[in-house]
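Written out below as structure tokens is the structure these notes cover.
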């Protein structure tokens, strides 16, 4: 018991800085109601995605043709679609698809972009030239158009959607990481490490990477909503997820023909997209503001 | 480096990017797809037809010859025949591109006026009610799926209120004006046909509102944060110390500096607008380049796909080029 | 003859509302700047000297708030004046200011000449304003004033930019120029030029100067009177000779012992560090670092004591003098 | 008392747009003996900071040679270079940017120990870092703090500990107190003085503040536009400055005590840009004792005027 207590207090002593940082972040978050709304939306989305099979009232795939295009009611809160599937259940399961795409795309792009950006920025010369011209070329296409072209070339499917979006997004992170690296490289603490004889690899890993990745991660939180939106757009055009996957964009696309007479069929899935993207954007904005000491401290 | 040297360097980059774009497009259209002809004709197509289509598309040649043929095509602006429309692709592009240009320009005008205005208001009234409203408005804007917003507008503005038409570029009874620029609004004014002008504008309204709102949101955000940043600068303090009126401080001292990132954003916006136009045109049935591209993608019409994305990418690269040059023009600090 | 007061700061209190809590930055400051004098306000980082300067223009930066006090300028309280009035009559007309980083203080996208003409009276015609701007640039010893007027601020060196600032801020013949660390960012040889220029001009224009600086030596060489600030309090005010030869407040004494000079073989620092003004020490704010702390110092804020004519100090050690 | 660092005809020209160069250092030779405190004084653009970096081989010179304890280190590479890093260290001007903002004090001070494998275990590392924290007047309560939680003076102490933990013989102090308040500056300088006594250090003290140089150092070299103008024992130079630039600089350095003030020699004009500096003597554009055309044509050679007192000026 006493041992535990001393362990805890020594841990607290060593991490007092982190504890006060955490307190500061909590304090700053509390003062920003929009961030709290965003955070709650995102937490809710994640919970819905995890618990989808347990909380969705019906099977998202099973068809009930006798009950097609039913308007919202107690048994089908958001109505049913043209094949009699419960729209609420499909939206709930759609959360999984949306989050999965987002997580996979960022899990590929963040490390890739940061790695290429740091290499380009730190070493400069022709390495920089090649990486950055590649980035320029990929950035010369509007994202959705390039993703569409890649999606069309690979054939429409969920996996190809992820690959397509991933290919369009790395240049943004690479550029950001390169810019950060260029400015960090000039700062005195890097010169101090050189003076100590620290190797290049260690300077990159222990001094540049932590600073570089935090800015890029902040930027990525601002992009989370974008990924969801682009994926939904591709599916809407028929170049992404294929039926019967419960994907929001696809649901809007198939429900489009019922817009006038059964408005709920395309409207609710679209609203789900808006809500999810809005949540991530609010949270991203909040994280950016809180992570910027200038904004955080200046009231 | 003086301006001319910079111009040369920037043009060189532009050419590198265009060559890259053309190459990427080639890879996407000719190398990655395993069996393009099979994809077009289906698996059980008769072998003669397969052969014929392959010949038509040049797929029987070795890859490097295909590439040369392809690059030649781009240089002479000849992408071959679009399988879907049976027209030369370049003719289709000429027909559809002005429609999109018209739409994008109108949306951009809406976005620049509203976005910069709202952004300034938001920054000046920081943390006040009007700031919060405009922030939420623009956050909703950047979160909005364009295709869904389009559907909502059709449901409400067309079906329930009847303010906008169902789709198309002109009403069926009205014939297009004599082609000068291809932009119906401009051509009708040149021809003096005001009824056609109003009708064309009326058809632009729905899609332009969708694109305009989303773009307003982006520009508003950049303007706001850029203005706030400039407000912290020492020279704004100097302007206040000089006793200048707030209006002069904001418009003469702050806005001129804040404009630089805003212009970059407007340039990037052009790309967002092009991709937004793909979705919006599809929803509104507006016969523009975006819808043409989507339909070509869906029917795997190789030549048309290549033509439309090459054109879009060139437009985008061109707008980036213009922004870069403008940027240097506006900021006297940049030493080439 | 005692020159009359130009600015009188009475019981000024300014707080900054930050995420960490309320920073009690200015803790009841009283100060008087006389007509035609060169007044030095000295103190270390965070003592509130710059904030006091901006308060005179009622331009305290965010998130600061003036809680109470008055700043009487020519018989009127600036702090209770209408914002429009302050802007129309005081700022840029009667009171102006130059800053530490002259290049950052000039607008990068406007030409130097235009920034000067803008400061001139609005009644002046454009041509007359341009002519006047060139004259002003000549007055601050800028070679080729026409050329400089047509250039942008980033094309200037720090010293040149500070001259442009001075020309701009003297354009309206103000009666008070606040100079906030005007030479800190400049080289020593340029600093000497700018300070001697400033002294000349002030004499010619019959203005007063409030020189805000961390460098007591500069004050000793250029000013008539000096105020020493510590942690939001004015601890000592007097004529330069009085302060240099006979400092009375332990902080002033400590500060002087820390400045290198030929007669000193060893520097002595002041132990401890500047307190966090979110939770300032009770009583005298200097007591945790003072060598003469008594019990009373921890409990009460010392009153300002009159030491000799024109020399005051806020310290219980000085209670021998009359209470002022 | 042998030599520790010797520079011979060091030039450093940074390339600048189309075949033009920033002549940061333009032919400097100097010798620093063991246990010296050697001041390198000058204004911005004088090349003093670059020269400090060149000595440590943080910047490679364009030409010339650097010797450490008699051995030529101008071109050494890899292992030998890393070995050299242990012997020569540096403390930077701004402790706000010289400490990594996301690392704890323990990691900052301990970094060199890890690189040079001077400790075997984490425990040993912590003990060693604690020892040096104590040495610079701080305590183990600071081990797990981040730099932003410390005051300016404390940060500079951390920077000093980081440099000294490798047990170097030679330390470059690049304006170590210019971003600190005066009351803190005094304490840091006193600490440096004490450490030199205890650890047998040699300092190169780079500064723009002549009054600090006079108080703290034993020898001084004054630089202007990449060249050395005057060099000698600090006391000699202050008692009898000979180069017109030194004279002016000494006269305009603000002094608290009115008795120490002399008539100010206010130099006209600006310091010329080190890109295409003036021909001849770099100072001739501002000099009030110009001898004649020779100043515009020929670069003056350094002459020994008194014992150990060198001046580069056509006056002599």
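Should a chain be cited, it is by its letter among A, B, C and D, assigned in written order, with residues numbered from 1 in that chain.
By our rule, a contact is a pair of C-beta atoms (placed from the backbone, for glycine too) under 8 Å apart; a residue touches a chain by one contact, two chains touch by 3 or more.
Since this is a predicted model, take the numbers as computed values, not measurements.
Novice: If each hop has to land on a touching chain, what is the smallest number of hops from subunit B to subunit D?
Specialist: 2
Novice: To reach subunit C from subunit A by way of touching chains, what is the minimum number of steps?
Specialist: Minimum step count, subunit A to subunit C: 1.
Novice: Have a look at A-D versus C-D and report the one with more C-beta pairs in contact.
Specialist: C-D
Novice: Of the chains shown, whose Cα mean is nearest the mean of all protein Cα atoms?
Specialist: Per-chain C-alpha centroids ranked by distance to the global centroid put A first.
Novice: Where the centres are mean C-alpha positions, what is the separation of subunit C from subunit D, in Å?
Specialist: 32
Novice: Provide the C-alpha centroid distance between subunit A and subunit D, rounded to the nearest whole angstrom.
Specialist: Distance between chain centres: 49 Å.
Novice: Return the distance between the CA-based centres of subunit A and subunit B, expressed in whole Å.
Specialist: Chain centroid spacing, subunit A to subunit B, equals 24 Å.
Novice: How far is the middle of subunit B from the middle of subunit C, if each middle is the mean of its Cα atoms, in Å?
Specialist: The computed centroid separation for subunit B versus subunit C comes out at 54 Å.
Novice: Send over the residues of subunit A in touch with two or more other chains.
Specialist: Residue numbers touching two or more other chains: 298.
Novice: If I apply the definition of touch given earlier, which pairs of chains qualify?
Specialist: A-B, A-C, A-D, B-C, C-D
Novice: Give the list of subunit B residues in touch with subunit C in this complex.
Specialist: 233-235, 237-245, 248, 252-253, 256-257, 330-333
Novice: In the complex, go through subunit C and note every residue touching subunit D.
Specialist: Contacts found on subunit C: 44-45, 157, 159-160, 187-193, 196, 214-218, 220-221, 241, 244, 254-271, 273-274.
Novice: Going by the contact rule set out above, which residues of subunit B touch subunit A in the complex?
Specialist: 13, 16-18, 20-21, 24-25, 28-29, 32-33, 39, 135-136, 139-140, 142-148, 151-152, 154-155, 159, 232, 271-272, 274-275, 278-279, 282-283, 293-294, 297-298, 300, 305, 309, 312-313, 316-317, 320
Novice: Which residues, counting only subunit D, touch subunit C once they are in their complex?
Specialist: The contact residues of subunit D facing subunit C are 43-44, 151-154, 181-190, 208-212, 214-216, 238, 248-249, 252-261, 264, 266-268, 270-271.
Novice: Note which residues of subunit A are touching subunit D in the complex, please.
Specialist: Residue positions touching the partner: 13-17, 187-189, 191-199, 202, 206-207, 210-211, 214.
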